[in-house]
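Paired with chain B in one complex and with chain C in the other, chain A is shared by the two complexes that follow.
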Partner chain A sequence: MATVATRTLTYAEAVNEAIRISMRQDPNVILLGEDIAGGADVDHLVDDEAWGGALGVTKGLVQEFGRGRVLDTPITESAFIGAAVGAAATGLRPIAELMFVDFFGVCMDQIFDQGAKLRYMFGGKARCPLVIRTTIGAGLNAAAHHSGCHYSVFTHMPGIKCVAPSTPADAKGLLLAAIRDDDLVLFFEHKLLYGLSGEVPEGDESIPLGTADVKRVGNDVTIVAISRMVHQALEAAEQLAAEGIEAEVVDPRSLSPLDSDSILASVAKTHRLVIVDEDNPLCSVAHTIAAIVADEGFDSLDAPIRCVTAPHTPVPFSPPLEQAYIPSPEQIAAAVRAIL
Partner chain B sequence: MPVLVKMPKWGLMMKTGTVTGWLLAEGDAVAAGQPLFVVETDKAVDDVEAPAAGVLRRIVAAPGTVVAVRGAVGVISIDGETLSEDAVDAFVLAHTAALMPAVTATGSVVRPVRAPRAADHDAEGRVTASPAARKRARELGLDLAAVTATGPGGRITSEDVERAASDDRTAEAREDWLPIDHDLRLYALSAGSPRDPAVVFVHGIGGSSASWQAVVGPLADRHHVIAIDLPGHGRSDIPDPAHADYSVDGLARAVTTAIAQLGRERVTLVGHSLGGAVAISAALAAPSIVTRLVLVDSVGLGDDISTDLLTLLEAAPSESASRALLELFFHDQRLVLAAGVAEHHAALARPGAHAAIRAIADRAFAGTGQQAVAGCRLADITQPVLVVWGARDRVVPVAHAERARASIAGAEVAIIPDAGHAPQVEAPAAFADVLMRFLAGTGS
Partner chain C sequence: MVVTERRAVELTGETLLGMYERMVLIRVFEETTMRQFADGQIPGFVHLYAGEEAVAVGVCTHLADSDFITSTHRGHGHCIAKGVDIAGMAAELMGRRTGICKGKGGSMHVADVEKGMLGANGIVGGGFPLACGAALTAKVHGTDAVTICFFGDGASNQGTFHESINLAAIWKLPVVFVCENNGYAEATTFAYHCSVADVATRAAGYGIPGVIVDGLDPLAMFSAAGDAIARARRGDGPTLIEAKTYRFYGHEEGDAATYRTAEEVEAHRRRDPLITFGAHLTGTGIATEADLDGMRARAQTTVDAAYAAGAAAPWPDPAETLDDVYVSYRGR
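After this line comes the complex of A and B, so read on.
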């Protein structure tokens, strides 16, 4: 494998770079969403201070690609997600930004009943090459309206691919692949990861959707962790390593399609599985992974499968309660100890 | 990388040895194979040769030290390497540590493992075991009831099953006295896992299970090896010849009963000399039990037998008679050692032992030849047969091997050069090689 040059970027910069590369390569790639240019049309704000979205991820793109391809929309998710679905069906390759995933309810018809079903209902003659980028996750004291994960809502639906990167490199590589994909992709960016720095390959290096990544190798237990929980799991793994327990941390990266083969292979080696998911537990990705392993990997198991998830509540606003809501390294380590 | 000098394992029952002296001092140059130190066990005293050439860098076990089999005795540095004291310490420690679970050679922390306990059971008595443990136990044919648990709540894990299987496989050799009749218990030495194919060894007249000593170990890795002492021999009982059946067929019945007592339903039967005739008899009488037959310098394939042997069996037990017998057996006379002569004589000197052996000889060899010839019945043998012979056998002529090939359909014949009547003793490596090829190449 050829060595690829890397340099350090934040997760937010990696997302931005993937969009920039795609927009340079393909004039059909456009951006639309609330404040993604942000202030670019306001007389008293100069362009280079444009917001670039609520969290600044698309900053600078309007300057390079202009307001014709970077569209600020009204605060009407149903309208601009619907417009994005239509644009995708008619030949563009749009990237829409849903500011917080918690707002999906407003535009669910456009996503679920239109975008997700287009290709199927037109027998493959229509496509929906649309990426909806959205933010997930608790930890910013942003209260219940802005702090959920909710990707399990979308993994439930056929016709939607779901991606949840945990590192800057994965964010860039997976977003490049998502933009090129001919299906509707929901791209879940964790708010608390935007400032995370890491080595990111230069250039157009995409990562295929549907491939998991082993973030830490170990023989004693498999910890499957999603998005930011990968880092909680790695921290737990370090605690456990001090006790002589070597955990393998598997990051699915894509939630739909899910690389169950990699998870099963790891469990076949370690015989034990803990799944960490910040999403609410019922009908969750965590429980789906547990079900797949109980079904296809039953004879590999030496212990019950444990899920460490958020509780079945909205995200609390109270900072101590919010911290208690998020699966912690201590909880993960305790779950591992309980099955060893 | 230095070479560790370890305590040897002489025989299946040896667990420790005492280092009684060193023949070289620390710092002396040493050649591979050069006698290096002296070990005493409850059965023998002998020199142990250096495993490699170099310099005797460290004497770990000073004279008088009792060391477990395979334990560290010394360190030889090789290729002119210079080792600090710390490096030698670390090397010895690494080896010692490798023998103890829960500490790695690198000294890193190892996952704590719960002490094994009896497995839990549910309300219906079903043992608590993980899916992986159940699957592995099925694959290994292991009963979960025999496995202790280290999982939380007394759950058996796949590691527990592997551990139980491995314990089973590397279990120390065991000794049994199997009840055959009201006045007869047969001694059986067994090694290896009872889940592996069984190979049963039967010695010749005046011999014992000890004659298989050198081949049992190598075989036990993949076979359940059982060496039996015939009635009146070794450590088995000596029933009164006035009542007991010392015929070849009677001995064969005792052997098949012993096999049943050990719970084995199908075995490969290996017989040496008179034990070969016993094995043929058992194979003909119980073909469902004896599924393969190995005949080693066997009686029962022709009429000829050394009259010297018959004379010596007749003579009153004495050290000189035992010596003459062993001289007759071995091609390499250097193998006739004082210890072997003494052991042979001691066995015959047991009260009743000589009478029992004469009773067997009377029935098997009518004064000048073999009575127990299965000759006409050899064609009835349907099992795969291997015939092994020492090329220099002076007790039973090697020509009988060819007769066996002609009489028994499909019999394989292996002649071991430069070996006398007991190739399993004179050329154990060649013998084990031939036997293992046969065991691997034919179905059980």
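After this line comes the complex of A and C, so read on.
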């Protein structure tokens, strides 16, 4: 296998690069969202002064592709998310940005009743090749309307694929695959990871949806962790290594489809499982993974499965409360020790 | 706001006859569907379009397959006006494998994307954003395709109505919003549920033309839709058309429509668009009574054959439940 050249990019830059590559390849790829270009109709903006999204992730794209393909929308999520569904069903391959996942409440019909169901309702005679990029995660003291994860809301829904990358390389590779995918994909970007740097392959190197990745090899316990929790789990694994416990950290990367085979294979090796999820626990991805392993991997287990999740509360504002909300490396390490 | 009079429109006899034929096909399909439903041949719910034929046909006579429409619960008439296959529709309503959506959608989700029909819709107000999206595709691709968003008076109170008309207006999307105001949102009167006397007046809030049309008159509908569609194709943006129309039956089959008086129904029945338009065609010498009767008989033959084929068609295999959720899906 040929070695792919890499260089260091941030997670945000990796997302931007995947979009840029896709827009160069396919004129049907368009970008729409609130301030996605920034400053539409403001004549004095030149070069890269325009926002490029509320968090700057799409900065520079309007300069290359123009305002005909990078569309600032009003604050009107039902209309523009639904328009993206309608555009996808009629020949475009849109990428819509839902600024924060918490805003799904104002556009859910268009995602859930229209985008996710139209192919099925139409007997397979329609497609919805749409990517909805959105941001997730606590840690910026942004309180309960700008800090949730909520991907479990969408994994519950047939017709939607859900992807939650934890590294810059995964963000680029999975987004390339998501944009090329002919189904509706929700792409969950963790706000606290945007500044994370890592080696990212050059060029058009996509990663298939539905493939997990082992981020750390170990024999004593499997820790399945999602999105930013991968990094919390890796930190816990270092603490445990000092005690002679070798944890294997598995990142599903894609939550629907879910690569349960890789999770079951790891548990078959380690015989113990801890799942770490920043989302709320009830009907969560964490509990689904626990159910799958209990159902299909019960004979592999030497101990009860433990889930380390956010509590069943909205995300609080005050820094000590928010820190208590987010699963910590210490909590993860404690959960591991409890089942060894 | 402009209120249209019935304008003289220059239409060939062939076009006029084609419009009548399409209207009578809708009427016959709906009345046959009513009987099939009563006979237990159609599962679920059906919402009949009878009485509103002039709206769908007046508008869709302007359209090609490359143009798009979005629709409502009451979507059979839109489908037929847009050229969706009758046999495929009948089998779909019956839940058969040969249905146009393979029995996955039924009456409230009949669709044919190849024909530009983006689906009847079970969500009131669900079609507005989708229509903007189809219009956006035309704008990005640089074609002259237009999208028609049919909706009911009840949907004019949904947030998507406001959001989508604003978006279409600021982006000058090639879309025409056509309100079928039949006076009732389910069992609730328009006078109760709407803050203004005419939905069309809401156009002023978005800086676009609002037009009130007699929705029982196919020529008035054709005229108003022609202006709006031309404006959309020119790149001048959307129009809001309000068609004052009436449904001859209940909200859905099984609804006795006790919220309407017999006198009110009878008054509208006297203005049945098939009667008035038929009289126009015979009065101007474009058709004879025998011509019109022949068209109705042919429509009945077509619809009967469609339902007979549907009744003879197989049910879907239960294994097909799992098909068509995704184009591709790895694993769980």
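We adopt the following convention: the second predicted complex is superposed on the first by the 337 of 340 C-alpha atoms of A that agree within 3 Å, B and C clash if a C-alpha of one lies under 4 Å from a C-alpha of the other, contacts with A are read in each partner's own complex, and residues count from 1 in each chain.
The rule is short, and it goes like this: a residue touches a chain if its C-beta (ideal position, glycine included) is under 8 Å from a C-beta of that chain, and two chains touch if they have at least 3 such contacts.
Nothing here was measured: the structure is a model prediction, and the numbers come from that model.
After superposition onto chain A, the partners chain B and chain C occupy separate space and fit alongside each other. Counting residues of chain A touched by each partner, chain B versus chain C, the larger count belongs to C. Contact with neither chain B nor chain C is seen for A:Asp170 once the two complexes are overlaid on the shared chain. For the superposed model, the angle subtended at the Cα centre of chain A by chain B and chain C works out to 130 degrees in steps of 10. Look at A:Ala84: by the touch rule set out above, it reaches chain C but stays clear of chain B.
Using the contact criterion defined above for the overlaid structures, shared-chain residue A:Glu13 touches neither chain B nor chain C, since it reaches no partner. By the touch criterion defined above, A:Gly244 lies against chain B but remains apart from chain C after alignment on the C-alpha atoms of chain A.
Shared-chain residue A:Asp182: touches chain C; no touch with chain B. Touch criterion met: A:Lys125 reaches chain C, while chain B stays clear of it.
With both structures placed on the common chain, the touch criterion links A:Leu301 to chain B but leaves chain C unconnected.
Distance between chain B and chain C in the overlay is 24 Å (nearest C-alpha pair, rounded to whole angstrom). Annotation: chain A has no residue touching chain B in one complex and chain C in the other.
Considering their complex, residues 68, 70, 99-105, 109, 111-114, 118-119, 121-123, 126, 128-138, 140-141, 159-160, 163-164, 166-167, 170-171, 323-332 of chain C touch chain A. By the touch criterion given at the top, residues 108-112, 130-135, 151-152, 155, 157-159 of chain B touch chain A in their complex.
Contact residues of chain A toward chain C in the complex are 28, 30, 68-69, 71, 73-74, 76, 78-92, 94, 109-110, 113-114, 118-127, 158-159, 161, 181-183, 208-211, 256-261, 292. Residues 220, 241-246, 271, 298-303, 338-340 of chain A are the ones that touch chain B when the two sit in their complex.
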